[in-house]
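Across the two complexes that follow, chain A remains constant while its partner is chain B and subsequently chain C.
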Partner chain A sequence: MSLAPVSAQGEKASWKQRLKAFFVERLGLEAVQSLAAKKTVPLHRCTPFYFLGGMALFLFLVQIVSGILLALYYKPSPDQAFESVRAIMTEVEFGWLIRSAHSWSANLLIGILFLHLLTTYMMRAYRRPREITWITGVLLLALFMAFGFSGYLLPWNQLAFFATRVGTAIVGVVPGIGHSLLLLARGGEEVTGDTLARFYAIHVVVLPLVTFVVLGIHLYLVQKHGMSIPERELARYGGPERVPSMPFVPHFLLRDIVGWYLALALLAALAALFPWELGEKADPFGAAPEGIKPEWYFLFMYQTLKLLPPYIAGFEGEVLGVLFFGLCGLVVLVVPFLDRGPRSRAVLNGLAAVAVAFFVVMTAWAFFPNPEQKVACIMLGTLLSFVSLTLLVPFADQRTPAYRLLIGLLGLLGLIFVGAAVWELIA
Partner chain B sequence: MDTDPGSSSRRRWLLHSLQASFAATVAAICYPVLRFLRPRPATVSGAMEVVAPFRVNQLPNAPGNPFNFGGKPCLVVLTPEGEKRLARGERLQPGDIRAFNAICTHMDCTVHYRPDHGDIFCSCHNGVYDLNGHNVSGPPPRPLETYKVTLRGSPGQEEIVVSRTS
Partner chain C sequence: MKGRLAIFAAVWCGMAFGSAVAGEKGSASGPSPSLPDDYSCKVCHWKDGELWNQETPTVSESELADDIHWQVGLRCHDCHGGAPSIEDYENHRTDESFHAIASPADIPGFCGRCHSKIEYMRRYTPSARTDQETEYWTSGHGQRLKESLEEKKVDKDVATCVDCHGRHGILAVNDPRSPVYPTHVGETCARCHSDEKRMAGRTYHGRPLGHDQYEQWQQSVHGQALLKKGDLSAPTCNDCHGNHGAVPPGIDSVANACGSCHAKQAELFSEARMKHRFEEIGLPGCVTCHGNHRIVQPTDEMLGMAKSAVCSRCHSPENEQYGAPLAGGEAAAAMRKAMEDLKQQIAEAQAKLAEADRLGMEVSGPRYDLRQAVDALTNARSLIHSFSLDRVQKALKEGLDVATNVNKRAEDALREHTYRRIWLAVSLVPILLVVTLLILYIRTLPIPEPTSPHEADR
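Coming up: the complex of A and B.
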């Protein structure tokens, strides 16, 4: 990547080299070039986890592009919102594809972010000096969940309307400031056209601005501190300088692009084979449709709130539930400061395992709530557990009891999944 | 890269297929996006004939003039001769009432009739047309598009039917 000045090359420099030299000189790209040349990625068992951040970034770009395209036809008013989305799906060329890509990539993005959070936690990549990288990452997850929630209302269909009513009512049970928050979120006592306008402004203006700032800090810190290497790998190789590494440009970048292609392929397949449904137009005075539930990443909270009794020890059940989830979010946010040694780490790991198990069970249960769907529920549960446990494989040393236990558990989950699938096929 | 990518033909082939794959991806993404940007089929009526929402006796300053004619503003003008004939209670002659596409040929503003000047005027850049729709001063490069006018009904109370010839 040598960049000789034009004068040294004389007439021999091709137009491409001259163009490159023109921009390098004027934009001060030497700094970027030297940064790119110096940046390396450590190679060890957990290296595949480094792809998740890049995939999330790619899906975020898909969100931006498809979101801007949708905004060209979308009309944020209760009289026109549903009709404009229907027009996008039926009249605008490839509108169904752009909308489906927007919805599916949003869901994939949240899924990838969950995995990114989990693997980052397992690698303990939040260790000093990367605490703020972790905090901005958790904030980004919260921001993208807010994107999901605010975007859900925009098509103004039955599901969206009631999900927003319930979601904002949950905010309303926060003790003390709940009602004020509810009024702020809804722009009134009820979900109306004002709510739609608010959610639209939040979805396309407020959240993107905040996200750009937080994401900017997050990416800057990742560049500043470099990739974190798990302690176990450091010990295995005997120091950070002895861990093998790979230049980021072009070696790791090309591999990153393979990750993006995987995400793109999955997204294209999902959007083309399963176009996002539109449903029926919202009827503010009609009854809530049967089987109504939120997006999958809110299901664990939804299922919990459904199961809680009206009163627990004199307190309202839903108040306790909402406070509990708020506390959980806070704990996740400050994990770097709670991890103060082997004992606190053991407690945190135990809590994390319980949290993942809780998430898996509640999501599978809420997804297939009917007793006759028990087999499907088991299949989803085993699949999610399998994915979560697979993430642990790089952390266990081969030929140890922990490794054998892990492999045994994965095998058992696989067997249950296959058994359930066969059962479902026969029945 | 320690070796020049162009040095071996196999490497060059790989590089070219990689570039071709990127180009194919970009094309596969851009094609639906460009098609998405194409305007939807028009939702306005493509009517070839419309009855003006006013009658001749309400001219020259009739409410609702210009009116919507197939998605474009249509300006109906009563000439001074026609105005005199109407005042005398005589039957209007062909050409006493004229209709134009009211979009200025300069920069797409909407023009209006100035009875005191006897011309059609565009306020955006002071474009002036005469009552035949010809551009007479200011920046407009072409005359206004003219429409055919037919009157029907009792004299002095006629309905104005505007139609496109093609």
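Coming up: the complex of A and C.
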């Protein structure tokens, strides 16, 4: 009896067909094939936002691959961590590229996740039955921020050491459990080699495991419920069945791949032109260097805590700040349950607009704390504002006053940015 | 004359009644806040004393409050002798237990009664030194005082203990307000040594003492370090001249004075032939090249045969002195050239590393290694004091090898940066090509008509 399948016409199948049949039979790929054939993506003005999730997934894959390569050479001990990263940068073939790609893609990933969160909120894609999809998404953002925080210390350089000391000290001000949390994070009272070992284990074992689980649930739910179409588009087309769509395979997937290739090109350019710097080896007994800063996505919190007075109404300012940000995180997590009608939605939208403005201003301020860098601060602020406002364009109907106001604002921001850039160049 | 002086001293230093050996009566049990009502000295020497008059010198408790002696519980009679109680009081002139200070020549002995006795001093400071008085009589000051005593004409301008430490209100030497605290030693010495009138005609071993030492020292690298930067390790007058036994260091001991801090240079110099030659012709060690009070920061320009170089003062054909051979000048010029070569290599390496750093290249390794070259340069600068061309060149060669290697690694880093840009461009071409092809392909794919309704959002 021959193992080779025979076609309906009785012709012998080619080796490719036989190989495909081998895997389809054993892995049950019919379901995947059928899903891929049936899956479609709605086509409307907000469709570009659907690419953000895929882009984040691609950057996460870059993280995994580059992270595994770095782990081959990295040595997580205070005596060797810095030297091993330096060896990766200088002695290992293409080590510089891998490390820079890892660092840059981590930052791009967080940026994309912020945009994904914001656009999902703006499309109200968290509506029933997608509440858990939203919650897992917010948890993923928190997990990737934790990835960033734990990974920041691993090169064991001055800036990272002292920033981690400040960062973990903030955890310590949480009322009641603060000190226990601090001990848990540091593995002792101070940031030491134990902290490094702990952060490494968290970065490469704990967080990836948790992330895989949460990401798996998130992707399953996205698959189960399909893409959410904004209400405005549904109303415009007169119902979900009348909204045009394109097949996921190959139409949307190819577009995704274009985006991934472009992200890859961007990563290569960033890694080659702006290699991630290493700085100087951490000296726990030395003075804290000037300009200690966390990663950019923690800057808004860092700047706020810095600006808070020591005491507010008899309570420690820092404690209130930490509690405030904890509350903000909780509010973001339960947004689907807070959106209970037009009135609560208006409140939420107002809060979201304030939060975005707060994030932009505080980040720009903290990024350039030096008063002499006012122009650079303005440039960063206008750029972030431009990006945030651009996200609103698909939601505004053309030729309406709101649309004209939006375009006007974008033009104004563009002008300010160009003016500031020219001023900076001349000065 | 002698009688008048005795009266003067009795009145001036006054406040003395008491035991034969003043110090032995001193109490080490701690300070008492004030003198008892029947304390004999108060009668005349306290401003509100019963027998005080305009001509009697006074001392108040507030003046004495910070005095180290007062603080450990010593009172007037512990230093000046005499009876402390008014009941036991006896006239200074007849009281044998009273320690009169008839002239400045009595002061070293006056202080030495306690400070030269280890049995007494260790009650207050277990490791106290007790050689100050002995040292004093060997100092320039002490010798001049002794001479004047022999001449039967006491030189009242000669410094004794009180001129530096003060009379009443003597502060501990480690008290920053003390006139002998390192930052004040210069001005304390200058009170006499910068006084042109007082120094006029004074000589030491036949050489005039001068009166501009303090001014010169203030401008020196040592003075600047101490006075401007507050570096208490920087030497002031007493660190080179001694304190109680202060004398100008002799020609053969200058290098030892400097060597107490600059040990390596002094050791190298002591092994050099140049040292013996200097001694033969009567030139002092270090100061011949570096100067004495106005010692400026040494620079590489001091080496070689250029006009600014100190070597050219003796070794040049135009200005040959002390029989200095011209070969020495050639050696100095060769040292200087080798030094400039290393400095140039280090500067080039630093510039390239800075550029590589600016471009984001990781160069902390070569930057760390470059320190060895800088250390070699520092070592060579010390070795100049051996006056050995071979030793200097060997040290510089070690630094030069390191600097050359770092230079090469810095160039490699810059080259690597260029390669990265080229490879970036090369890798972007296929990526963008694929993207273009994909876009072209996507444009050929028709969007099918909606066939399956999406699940309605609720």
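Please note the rule applied: the second predicted complex is superposed on the first by the 416 of 427 C-alpha atoms of A that agree within 3 Å, B and C clash if a C-alpha of one lies under 4 Å from a C-alpha of the other, contacts with A are read in each partner's own complex, and residues count from 1 in each chain.
Quick note on the criterion: a contact is a pair of C-beta atoms (placed from the backbone, for glycine too) under 8 Å apart; a residue touches a chain by one contact, two chains touch by 3 or more.
Computed from a prediction, not measured in an experiment: that's the story for all the values here.
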Touching partner for A:S245 - first (chain B), second (chain C), both, neither: second
Which superposed partner A:L273 touches (first chain B, second chain C, both, neither): second
First (chain B), second (chain C), both or neither touched by A:I98: first
Which of chain B and chain C A:V258 touches, first, second, both or neither: second
Partner chain in contact with A:L72 - chain B first, chain C second, else both or neither: first
Dominant contact partner of chain A by residue count, chain C or chain B: C
First, second, both or neither for A:M89, with chain B first and chain C second: second
Those residues of chain A which chain B touches in one complex and chain C touches in the other: 250, 261, 264
Chain B to chain A touching residues, read off their complex: 1, 25, 32-33, 35-38, 40-41
Contact set on chain A toward chain B in their complex: 65, 69, 72-73, 87, 91-95, 97-98, 250, 261, 264
Contact set on chain C toward chain A in their complex: 360-362, 364-365, 420-421, 423-424, 427-428, 431-432, 434-435, 438-439, 441-442, 445, 447-450, 452-458
Complex interface listing, chain A residues touching chain C: 38, 40, 42-43, 86, 89-90, 96, 127-129, 225-229, 231, 234, 239-247, 250-251, 254-255, 257-258, 261-262, 264-265, 268-269, 272-275, 277-278, 280
